[in-house]
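Accompanying notes for the structure given below.
By letter and in written order, the chains are A, B, C and D; residue numbering begins at 1 in each of them.
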Amino acid sequence: MALMKASVIVFPGSNCDRDAAVALEAALGRPPAMVWHGDAELPASDLIVLPGGFSYGDYLRSGAMAAHSPVMREVVRRAKAGTPVLGICNGFQVLTEARLLPGVLMRNATLKFICKDVRLRVERTDTSFARHYKEGAVVRFPIAHKDGAYFADEETLKRLEGEGRIAFRYCDAEGRPTPEANPNGSRNNIAGIYNETGTVLGLMPHPERLADPNLSGTDGAKMFEGLVESLAA
Amino acid sequence: MKARITITLKPGVLDPQGKAIEGALHALGFGAAGNVRQGKYIEVEVAESDPDRARAEVERMCKELLANTIIENYAYELEAA
Amino acid sequence: MNQTTPQITPELVAEHGLSPDEYRLLVGVLGREPSLTELGVFSVMWSEHCSYKSSRVWLKTLPTTGPQVIQGPGENAGVVDLGDGLAAVFKMESHNHPSYIEPYQGAATGVGGIMRDVFTMGARPIANMNALRFGAPDHAKTRHLVAGVVSGIGDYGNCMGVPTIGGETNFDARYNDNILVNAMCVGLIDANRIFKSAAKGVGLPVVYVGSKTGRDGIHGATMASAEFDEASAEKRPTVQVGDPFTEKLLLEACLELMREDAIVAIQDMGAAGLTSSSVEMADKGGVGIELNLDQVPTREEGMTPYEMLLSESQERMLIVLKPGAEEVAERVFRKWELDFALIGRTTDSGRLVVRHGGEVHADIPLAALAHAAPVYQRPWTPKPSPAPVAPGDVPVPNSLLGALEEMMGSPHLASRRWIWEQYDHMVMADTVQRPGGDAGVVRVHGTKKGLAISCDVTPRYCAADAREGAKQAVAECWRNLTAVGADPLAITDCLNFGNPERPEIMGEFVEAVKGMAESCRALAFPVVSGNVSLYNETNGVGIPPTPAVGGIGLIPDIAHMATASLKQDGHALVLLGAEHGHLGQSLYQEIVAGPAKGPPPPVDLAAERRAGDFVRRLIRKGRLSAVHDVSDGGLLVAVAEMALAGGLGAELDAAPAGLPAHAIWFGEDQGRYVIAAGPGEVSSILQEAAKAQIPARRLGKVTGEALKLPGEAPLSLAALRLSHERWLPQFMGER
Amino acid sequence: MKARITITLKPGVLDPQGKAIEGALHALGFGAAGNVRQGKYIEVEVAESDPDRARAEVERMCKELLANTIIENYAYELEAA
């Protein structure tokens, strides 16, 4: 049984690329390939990770310029061919700007950058990303963003809800998606969503930042362990 | 030629920045201020003297990068640089 | 010499911040009248900011050595050994005037500048801190300044991907027109790969990398040394704009090139930009330097040599390469889409020669710029320490817990969460102690070691007695590092004062340096880097002396790190350290029985060290469930902070007889810690403390969800938390 | 009346956003694009039908809040709302 091959795409201004690599290595036992956005080609990968950070400074719109970088054409091609893609924070913003995921991430309702732990309700567990979580479980991930308010028009939201494509929702201790538990003004308390096939996940919270017992939490590790298990070819 | 591009949020899209500015204006005593909306303004020079070709070029820039047409509209004026 | 130079008039000289005597000195060392460009070069090199002409004689008296010190003051930042071939690089710097004029950009570029100082040496920045002093909350400008400064610091550090893990914030009317923004950065480096700024060797290529040069901040360096007045508004266009995205690229590009064998010397272009970086590198290397400004990448048309030399455009570096390394260097910087230009060479002339448009615009002996700079023994007058206040002279509160709630909700002690939640304090996934505790702690990546960092000074104390106040600042920093279980290693400082040409202000400076030196010696806690910011004064009104101290300490194994939060119901609380009930300059006085009067609490450095070493031993043995030092607000505030952090209450015993209760609970006696330990541990800890000559007593026990004092209605944590968390968000206009 | 306000960086003030956008446009093949500058666009309605008084009002809004006159310039057009 061959171990999964993971690639982390590094854009100018990415800054959680190392954090993602560390979390992947902890689960995988070997480091992922770090792929510079300008590199000629993307290695064969069972998983592609778009890390957090401030690609191109988040200038113009968060993720907009990275979404148009050459490597993204290949990422889009692979994603459409079924390769799992995980976009964390800025990676989520890139995925929406690249139209791999619907909607956009707008300025937080508070207008401020916000860095803190939040509670998330796991909405779905039948994907490579979430298989190690219990459905409806409440987990703790950190958020750290200024543009994390998920927005999509009514019918898109209806479709996402109808097709069960919400991955995580901001919630309170009892798992209720209350307004108070919504840190950034996201529609329907949405923290993360899947594409139609459940193979592309974008989320604002940072699983890689709570994937180590020394960092006051390990809820994030389950995502990487689940991926490693399901993507071992 | 030089393009002056304004990018605005589509009607109905929430604009927290605009709301905040409106609140601040009221706090400063500008009670009369209302319906504040914030957008972007971008100036670009295109090495293209023919208005039609310049327009086509700017149109594509807006569609492909400058505006996110899911939530934003764009408009522009052209003038000789 | 080019002929376009205008006549150098006394007015022009004065505009450049040079006194007539200094100008005479200049003409003497140059042997002729300067060109305008040369006048500009001298004005920035001889400014207070670059030459430390008022402070140098006193800075020399600070202890700067120790077995742990790899690099003391004199380089871009200090370096201390962390063992296993690793070292920490750190420094603190002020960006006060720019932050007052344009808070967002001023604070942002301050953060950018201090990070460049650290990665210039080859270190990857791993943590930032910031020490902020704002005016009174009710002052018209304060809210606007807080909002701008905090978002400026956040946006820059967050984009760089470096966690901001702590700092300190004061509000005081004496900063109304002169806020202080002091930024600290700590980096991690391979102890054998430290890059310095001495350009040793003749004929070496000098390259310019990073952003293009614009007219930003011209005269920023001289401005940073000029007393404020209403006319400062005119200086506004000199404010620089930061580009954290470009700085992130510059960081990665520099670290990538540093892995090659290409660099002789490297130096960031900070204040006085190209001038000071080229002069310092050449002077330290004992060589001359020739610059061809035609090659400097510029952002604007028609920039003059004067402007190019004095521009303070951000995100730029000057590098002296090994012969033949141009190609590899250019490849790296192009990959990161940064400007790269060969702009000169080192020479054997010992002179700075600047060419532009085929003409020589400056030709100056480097020694004159670097060493002939004036040094002043400014007259100073000591200030008598205020008369003591007896505990009995300070009014008692109606209720102790009522006073506590009022204090915890005041601008002085209210939670700073609104600030640090705007800073990414977790990026790099090594933050093992987040803001809110005594010190921020980041893991040394890939090891089990922790690096603890704390920023401290209590301006209230320094205003009453600069010497004791400065002594206390160093001691509190040492205490905060100790409280998390770290061995304090060394400090950096940011000495913020008023106009040194006034003997009473110079007196504050001198006393503060003496106080710091005394603490640093007694605690083996040397100064390895720092920064002086003078002329923090508007229309003759100066700030309180503010010697900000930034210290770092090493935790050998983060498995034995202490935190302030109460964790275990039933554990006992113990106070370590002597109680004198000192209420002079206390927050109790300031907030409840105001205004603050009398002298600050004295620091007994021998006792400080005994108590600290004792606490550290207990932490290392894993015998304590919580540790917090006693600082602002005194004992009851310390217990309250521990309770809020852990969400567990406490039942406190009655204060011992002998001193008034409010002096016991709110006195700010130094050198004290509150610790929590299992009930079984208490008697042995008390015995060991007695053996070590450390006063200690049982305070009470951890339990429930309220704070309880005999004879008083309990104060629920929920209510206390509300008052503690409410003020700052409300002040900033949120509900 | 309705004011359309554009806020731009003063000439010579570094514009990191404009610089990055220009780079992205070139990468997208818009080699002809140059001198890109980004600013803000703000719409405000003022309950004021007299153009002069409306203008005075908007002028003050820009000075006191909307523009950071240390580094930004502003311009506006008025029209009947």
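We adopt the following convention: a contact is a pair of C-beta atoms (placed from the backbone, for glycine too) under 8 Å apart; a residue touches a chain by one contact, two chains touch by 3 or more.
Predicted model only: the values in this text are computed from it and were never measured.
Two chain pairs, A-D and A-C, are weighed by contacting C-beta pairs, with A-C ahead.
Separation between the centroids of subunit C and subunit D, computed from CA atoms only, is 37 Å. Taking each chain's centre as the mean of its C-alpha atoms, subunit B lies 9 Å from subunit D. Shared interface positions of subunit B, defined as residues touching 2 or more other chains, are 40, 64-66. Across the assembly, subunit C contributes residues 243, 245-246, 337 that each touch 2 or more other chains. Residue positions of subunit A touching 2 or more other chains: 56-57, 59-60, 64-65, 68. Every pair of chains that touch is listed here: A-B, A-C, A-D, B-D, C-D.
Across the interface of their complex, subunit D is touched by residues 2, 4, 6-8, 18, 21, 24-25, 28, 30, 32-48, 57, 60-61, 64-66 of subunit B.
Listing the residues of subunit B that touch subunit A in their complex gives 13-14, 16-17, 20, 40, 64-66, 68, 70-71.
Within the complex formed with subunit B, the subunit A residues making contact are 60-61, 64-65, 68, 97, 103-104, 106-109, 111, 149, 151-153, 185. Per the touch definition, subunit D reaches subunit A in the complex via residues 16-17, 20-21, 23-24, 27-28, 38.
On the side of subunit C, the complex with subunit D involves touching residues 101-102, 105, 211, 214-216, 236-237, 239-243, 245-246, 299-300, 313-314, 337.
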